[in-house]
Amino acid sequence: MSPASATPVSLDGLLLESADADFAVTGFHRVHSASVERIGDVARAYDEGAYLLEMITCEDRREDLKAMRLVYTFNRFAGDLDRHVVTVDLSGEIPGAEAPSINGVYPAANWFEREIYDMYGVTFSGHPNLKRILLPDDADFHALLRDFGRMEDAES
Amino acid sequence: MPTTLIEQFGNPAIAIATGVGGVMTVLSLNALFLIWLERKVSAWIQRRMGPMEVGFHGVFQTIADMLKLLGKQLITPKGIDKPLYHLAPIVVFAPVVAATSLLPFSKSVAISNIDIGLVLIFVFGGFAVVGIFMAGWGSNNKYALLGAMRSVAQNISYEIPLILSALAVVLMVSAVGREVPIDGEIVALNGLNLAHITMAQVHWTWFILVQPVAALIYFISVLAETNRAPFDIPEAESELVAGFHTEYSGMRFALFFFAEFSNMFIGAMVATVLFLGGWEGPILPGPVWFFLKTYALIFIMMWVRWTYPRLRFDQLMTFCWAILIPLSILNLLVTALVIKVVQS
Amino acid sequence: MRQSAGPTLERTDEADTYYLNMGPQHPSMHGVLRLLLKLRGEEIVTCEPVIGYAHRAHEKMAENRNYIMFIPNTSRVDYLSGMIYNIAFCQAIEKLCSIEVPERAEVIRIIACELNRIQSHLLWFGTFLLDLGGITPFLYCFDDREEILDILDRVTGSRLTYAYGRFGGVTMDVDQDFLVRTLAFVKRIRSRFPMYEKLVGENVIFRERCEGVGVITPEVARQYGVSGPTLRASGIGYDVRRAEPYGGYDRFDFEIPTRTAGDCMARFEVRMAEMEQSCRIIEQAVAAMPEGPIGPKKLVQRLKPPEGMFYFAVESARGHFGQYILSDGSNTPLKLKMRTPSFSNLSAMETVLEGTMVADTIAIVGSIDIVMPEIDR
Amino acid sequence: MDPVRLPLPVVDAAPVVPAVAKPFVHFAVLDDLLNAARANSLWPLTFGLACCAIEMMAVGASKYDLDRFGAGVFRPSARQADVMIFAGTISRKMGPVIKQLWDQMPSPKWSIAMGGCTIDGGPFKYPNQYAIYEGADHLVPVDVYIPGCPPRPEALIAGILRLQEKIKKGEKGDARP
């Protein structure tokens, strides 16, 4: 991968929504959202454009109408900074939502996906080694879920 | 000729008891001193102070350490090979005592004077490997096993250049002369007798001056044989936790510790005999010179340890087989040729 | 004759191999990393890093506390570049809530962060040599490092885990003595670089141990999201300070040192060169130190962040440190994700370590400079 | 859903003075000598958990030099260590490991809780915390507590000296059951 080979990503038809964002305010250049089935294709498109996967995280947005949402950010070394964020809304039980793994495209996703499984209970299908990463193997909870381990609960 | 204890006492039993007792005392005191010295030397090199609180400048530090280790629980881990595990510290330590009793400390002080002393020293040196491997194999610990395997490979490899470089000295001794006048009597010098090696140097010159390559190879090999940095891979702290003695606690561990420093001591003493003229020196008595030279060598060994990082295992072996052994063989051949040419 | 039982070796699924568990208590696992190695002799067949032994629930605490209460946590995420993390969190919130930072505070922050970066690299240098078996350089580095800690201690009151940043500035102003001592330190460390180069960089054994060992290719680096000096040693000159300048870094003149070899030696050289660049930044910052306030006139009492997703990245001593904040408009984040550099750097190890020897593993893991609590958070 | 909670130690309102068992034969001089040797040769385990580990390293380095007190020989193998310095937060995942390491150390052994995390959870303590042990004494008996986050190197030296005093007097740790 050299700077010259960096090409813009073609995401035609892969996204649900796509919008420019104000980098100075949000830190993102573009904000996309994709359906859970297409995230593998989206990742592949970014990989072909020589982007890197900066991080994957998950949000528990139960108080915000929607349920679980995965957040992928992509960036590139070559050329100007171009940080894209792709959000994927998940349906299904909490914990226990499912999403396809993009470990085959970006090996970096391996640990991020394990962390999300660990912390939110999202299962990634096709992940080679989906087990707990930060919490002990025998833990029976998903620590970052909104209804777990809240300070207010303990005080009341 | 050094008078041996047997000649002095007449009775071999008393002589052996005195000799072993004497050697043990010397070795223990020496190890205590060396451990303290090591900590002090490392501290000076590292801009620290080292032990300061136990006695004047921490001179009793090692005694405190040893007393503490004496009072420590001896843990016998589960699943070990009991005979090997328990024998290993003794097998490591005993040859050290035996080897020390062979060395001529001065013209008149030696515990025994054997015609094949040099060979015996290397034999006893070789024993340590057995002890280390017993420790590693018997401990039921993978780090210990790895350390032991490294140790065996390393020690056996480095014995070759060690002996080859010593052989060059043996050749030199025989070249110095079959008939050398020493103290009014004519002695036929035997290259394998440690006292004779020294006498040859007294008669002629220190072998480090005529055999610098052999001396260097010998010194490097001694570093490797005694598992000192940069060749300390059998106990490589940052890789193998504590190597072959990972599972040993209390006094058993102390024996390994003692053996390591005593091995260093012997390595330096043999180097003194082989290359630095043994007890020879002006004004001061023989044993003083002997120990001065020995401690100077030990100081250099410490200096090296606290300066260099550790080699990798395969690099260590390549260094031995591809550089040291060919070089020492070459050195031996050249020595033999030159002697032949000069003599004919 | 009695048959010797020999050591117990767990069965693996492959012939002639065995498992070796390294850590979490191991002298060169940089705290509590655990590597599960499958070995053939001393050669590594597979390597599985096991992490989480220093998991301290930072992200959960962020959701349970408001932004101001979270400040002390930040420097404990990565205690070696605690200042950078601490300031980065403040900068993120300032950007989120559009809080102005006076110029003097920005310059002070840059000096503090760069001192912190030098300190972190020095400690890495020492522990890396310790991993390779050279003990003395470690103590020399700590000697130099203490000087930085003393300087920062004077203004911040702590040696490692700073809480120096405030939303809109810093807590304490620096005095003339701070600047004098900082410059004196820069002079001192510059005079030490040749010594380090001679003692370590030109050392035959060190070069043998490092050259060609643990090569990370640019492609692997991209796929795993490797960042920081580890990435720059692979030939990619990506530095957040240059790529998306923050906190006034665009006003300073500095280079991004890169090497192309991608091995341990390249990573060593990049970090050594980076310390020199940090020295340059510090000198420029001290020379350009403006007068003025060090924080907002009125203390920020209540934050009113806008709703939505937000990302802010800085260059920590180990690489790209990103903070993803999901805000619902209250003064407590709905979600604060810390994208820490060592997490991604370490995840690349499963590829890089394959086929190396045990001693190389130590060297490679040492060379990427990991801090476990930063990985486990 | 709740993580397994460890029972907190019950503290009586009135301090109980422990009855000191008088040994039948007291080898006074020998005991004192041995205690003095133990006190002056506290080899710590090379074991860092988090932030405090860096300060522990700093104490071992040139400026503070723990070796002055004979305590600078960091042993990587638990079998050869005398004192375990808990330097950092003890996570739930780490707890069993620490217990095992402690059991691997030969008696007599001591432990120092360095920093707030190992005293009561320190800055990471909050109601419903799921990730850490709130104090090292939930796992092993602790002889000396050193407050700070992280404690300064001088504080660790003071802690070591306090432990030395204790050993010289032949005291057993307060928290020792």
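To keep things simple, chains are lettered A, B, C and D as they appear, and every chain counts its residues starting from 1.
The rule is short, and it goes like this: a contact is a pair of C-beta atoms (placed from the backbone, for glycine too) under 8 Å apart; a residue touches a chain by one contact, two chains touch by 3 or more.
Since the structure is predicted, the reported quantities are computational estimates derived from the model, not experimental observations.
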Labels of chains that are neighbours to subunit C and to subunit D: A, B
A-D or B-C, whichever has more C-beta pairs in contact: B-C
Chain centroid nearest the full-protein CA centroid: C
Chain located farthest away, centre of subunit A as origin (C-alpha): B
Inter-chain centre distance, subunit B versus subunit C - centres from mean C-alpha coordinates, in Å: 44
Whole-Å separation of chain centres (CA-atom averages), subunit A against subunit C: 24
Between subunit D and subunit B, distance of the C-alpha-averaged centres to the nearest whole Å: 39
Overlap residues in subunit B, where contacts from two or more other chains coincide: 46-48, 237, 241
Sequence positions of subunit C contacting 2 or more other chains: 26-27, 52, 55, 57, 60, 64-65, 139-140, 143, 376
Where subunit A touches two or more other chains at once, by residue number: 134-136, 143, 149-151
Touching chain combinations (by label order): A-C, A-D, B-C, B-D, C-D
Contacting residues of subunit A [partner subunit C, same complex]: 1, 25-28, 31, 47, 50, 52-55, 57, 59-61, 63-64, 71, 73, 77, 81, 83, 85, 87, 106-108, 110-111, 119, 132-136, 143-144, 149-151
Sites on subunit D touched by subunit A in the complex: 1-3, 92-93, 126-131
Touching residues on subunit D, where the partner in the complex is subunit C: 45-51, 53-55, 57-58, 61-63, 76, 78, 88-89, 91-94, 97, 101, 123-124, 126, 129-132, 149-150, 152
Complex contact set, residues of subunit B against subunit C: 42, 45-48, 79, 81, 84, 137, 139-146, 229-230, 232-233, 236-241, 306-315
In the complex with subunit B, residue positions of subunit C that touch it: 4-9, 18, 20, 26-28, 42, 129-136, 139-140, 143, 199-200, 203, 205-206, 208-209, 357-360, 362
